[in-house]
Amino acid sequence: MENPAQIAELSHTLIAAGRLFHQRGWVPATGGNFSARLDTERMLITASGCHKGELLDADFLIADLDGQPINSARKASYETLLHCQVYRHDPAVGSVLHTHSIANTLLSRRFERIHLAGYELLKLLPGISTHDAAVDVPVFENDQDIARLSAAVDAHMKKVPQTPAYVIAGHGLYAWGATVAQARWRVEALEFMFECELQASRLEEPK
Amino acid sequence: MENPAQIAELSHTLIAAGRLFHQRGWVPATGGNFSARLDTERMLITASGCHKGELLDADFLIADLDGQPINSARKASYETLLHCQVYRHDPAVGSVLHTHSIANTLLSRRFERIHLAGYELLKLLPGISTHDAAVDVPVFENDQDIARLSAAVDAHMKKVPQTPAYVIAGHGLYAWGATVAQARWRVEALEFMFECELQASRLEEPK
Amino acid sequence: MENPAQIAELSHTLIAAGRLFHQRGWVPATGGNFSARLDTERMLITASGCHKGELLDADFLIADLDGQPINSARKASYETLLHCQVYRHDPAVGSVLHTHSIANTLLSRRFERIHLAGYELLKLLPGISTHDAAVDVPVFENDQDIARLSAAVDAHMKKVPQTPAYVIAGHGLYAWGATVAQARWRVEALEFMFECELQASRLEEPK
Amino acid sequence: MENPAQIAELSHTLIAAGRLFHQRGWVPATGGNFSARLDTERMLITASGCHKGELLDADFLIADLDGQPINSARKASYETLLHCQVYRHDPAVGSVLHTHSIANTLLSRRFERIHLAGYELLKLLPGISTHDAAVDVPVFENDQDIARLSAAVDAHMKKVPQTPAYVIAGHGLYAWGATVAQARWRVEALEFMFECELQASRLEEPK
């Protein structure tokens, strides 16, 4: 059932994404985690406790969409259930990427949602074809009970199916796409707009 | 009519510029696009939808100065007409580079023009030989109708021929030069001065 | 008594940490110093006066836990006694890393302690398993008398054994861990949270 | 009289410094210039108009301490006389480095001198052995007449021989040392402290 060439290609693409995110400062310490869908029932996901900027092939494992590792003694990433939620919610999702940036940490500690409007880069998000649009990226309160957090995210996404991505307060961004490349581009676009929002808020009258 | 050595050299120079801009955070996601003039009627330009920090030879195509691809099934960059406008406006232009930076995004969302004065780096801009000068970089409202946007830019440049570069609000910078190197140096100089303006505005009394 | 393979491995890991910190701007000029424990009585430590972003094998020496070089004509790092203090305080410590960042410099010039609360990355620090926690990173006044500074740190750590790391005002961070990797991850996590605190303080009403 | 090995070693060290400064954003476009003393009467200096982050061996030329190229058709850097002034002022100087950073540009546009006090990194500057010190880095008004600017700098340095470095307003830093390495470390230390000063000024009540 395993396809070694598929696994090698996906892990190499995720390793490269991790290196880029590390250069940007978006995966400090052991923060962040990445996955790619293998088929309707399985995903490749980073193991718990490794540095996401310096991933090796051995740092990935296969898990089912309940988050259970398949043929692996390694522990899946602590937040595996959040990846499962996205893959179950939308069968078209091929990759889920989670990053910790300064901008997403600071914005998510201050706001209940991050409102993005008028940016050309909005066109990277699902279903948007003009800068003359607006989206709300929801912010969820952080919770060490990942099953409970995952249920809260799922309830929101059932209610607002066009949710383009979300942020956990003081913790980080979850974004996704049909491919690893598309998920990565959305991370780049969202982090760029978050940084703009953060810097813009410094130009305004303090509240 | 094609000169493979010329095409290879120009594409390699544009690939290198893209890598540098990516390190700086100036071409997030699939943002930005680059071109170089081949002759009086044709240009080499990045294809639509690729990442400008990770360009391959295959990511370029040849188009005429109406933006029509020549012998290529690939789609030219979405904003090709903006490149055409600059090459038609000034036959001495050999390269046009478009970047999306945090600084140019933020300044262009706040101001109708970006006023630069007293910087040594102004000397990089066309026709300026002293820091004791001032230029206005015009800001155009973003528009998904690129033909209309291109016409607005063209009207401005006919009225103000010494326009050194321009910015599209919430979107990015267009700069150019006789060579790819000169265009890239102008991008570097302009982005540096934009970042100075952005940071200086935080040091002032909030307005 | 020397184990060349152990020394080579530790020095290579410290060299890689230095390169990363240099890219981040955390070891400007000859700032910073790094060490790893060899056994209960000896450590490997960077020599005085070298650039920590461009370390060579020859830039390390072995010293005892009083800071005296063993079989080396090179001078140990100026702040060797601060490393000795940590190794003596906790036999489980395997590495001590010292960095100079903009954020730790600025925060330590303004505050007597750096209060960190509600960050997911707090989980990287010793004894913390939830973001719903708070720690105080103590700030010590800078002192060119390193023996006196080391005694002040030691008195504090005896009183507050769960001290996760500390900062010297206008100078830098000392962090540690069971391994070089763990110490480096803590540096990354702390510097990330310091940068968040610094940027957050700009969003508030000036005091 | 030429020593090819000496010239190769110095140019390689300057090329490496340029790469680092470019990564940091301190030599945008063709900004900056670097030199190293060859003997009592000659220096190696970057040629005019090249990018200081991508220097090649061919981008250097030899000039006398009046700034006249020796056996070279290339033009010396525009600001060669400023290098000559430092070498003539102090025979112990072996290298002069000039950088354009955001921080030195912004501070020099606001202040007549940059006051640095209480930083551990002050110890990198000539004659300082404690953080408990203060220096003033003078700021000179920019002037396209380099002979006149050089005379102004020289008059200041004769009056204040312990001047550790200086900045030209809206233009950049000049720093120096006995070797290229020492000059580069001083640039790193000064740019670090400038960035601290810039960021600290944002934390204060706007003036």
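The letters A, B, C and D name the chains in turn, as written, and every chain counts its residues from 1.
Here, a residue touches a chain if its C-beta (ideal position, glycine included) is under 8 Å from a C-beta of that chain, and two chains touch if they have at least 3 such contacts.
Here's who's who by UniProt: A, B, C, D = Methylthioribulose-1-phosphate dehydratase.
Because the structure is predicted, anything quoted here is derived from the model rather than measured.
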With a step meaning a move to a chain it touches, how many steps does the shortest path from subunit A to subunit D take?
2
Between copies subunit A and subunit B, are the contact residues mostly the same numbers or mostly different, with half as the line?
different
The angle in degrees, nearest 5, through which subunit A must rotate for its Cα atoms to match subunit C is 90
Where subunit C and subunit D are represented by their mean Cα positions, the distance between them in whole Å
31
Could you give the separation in Å between the centres of subunit B and subunit C, each centre being the mean of its C-alpha atoms?
44
Shared-interface residues of subunit B (touching two or more other chains) are 23, 202, 206
What topology does the chain contact graph adopt: line, ring, star, complete, or other?
ring
Give every touching pair of chains, nothing left out.
A-B, A-C, B-D, C-D
Subunit C to subunit A touching residues, read off their complex
23-24, 118-121, 124, 129-132, 181, 185-186, 188-189, 191-192, 195-196, 199-200, 202-206
Show which residues of subunit C lie in contact with subunit D when the two form their complex.
23, 25, 28-31, 51, 100, 102, 105-106, 109-110, 142, 144, 168-172, 198, 201-202, 206
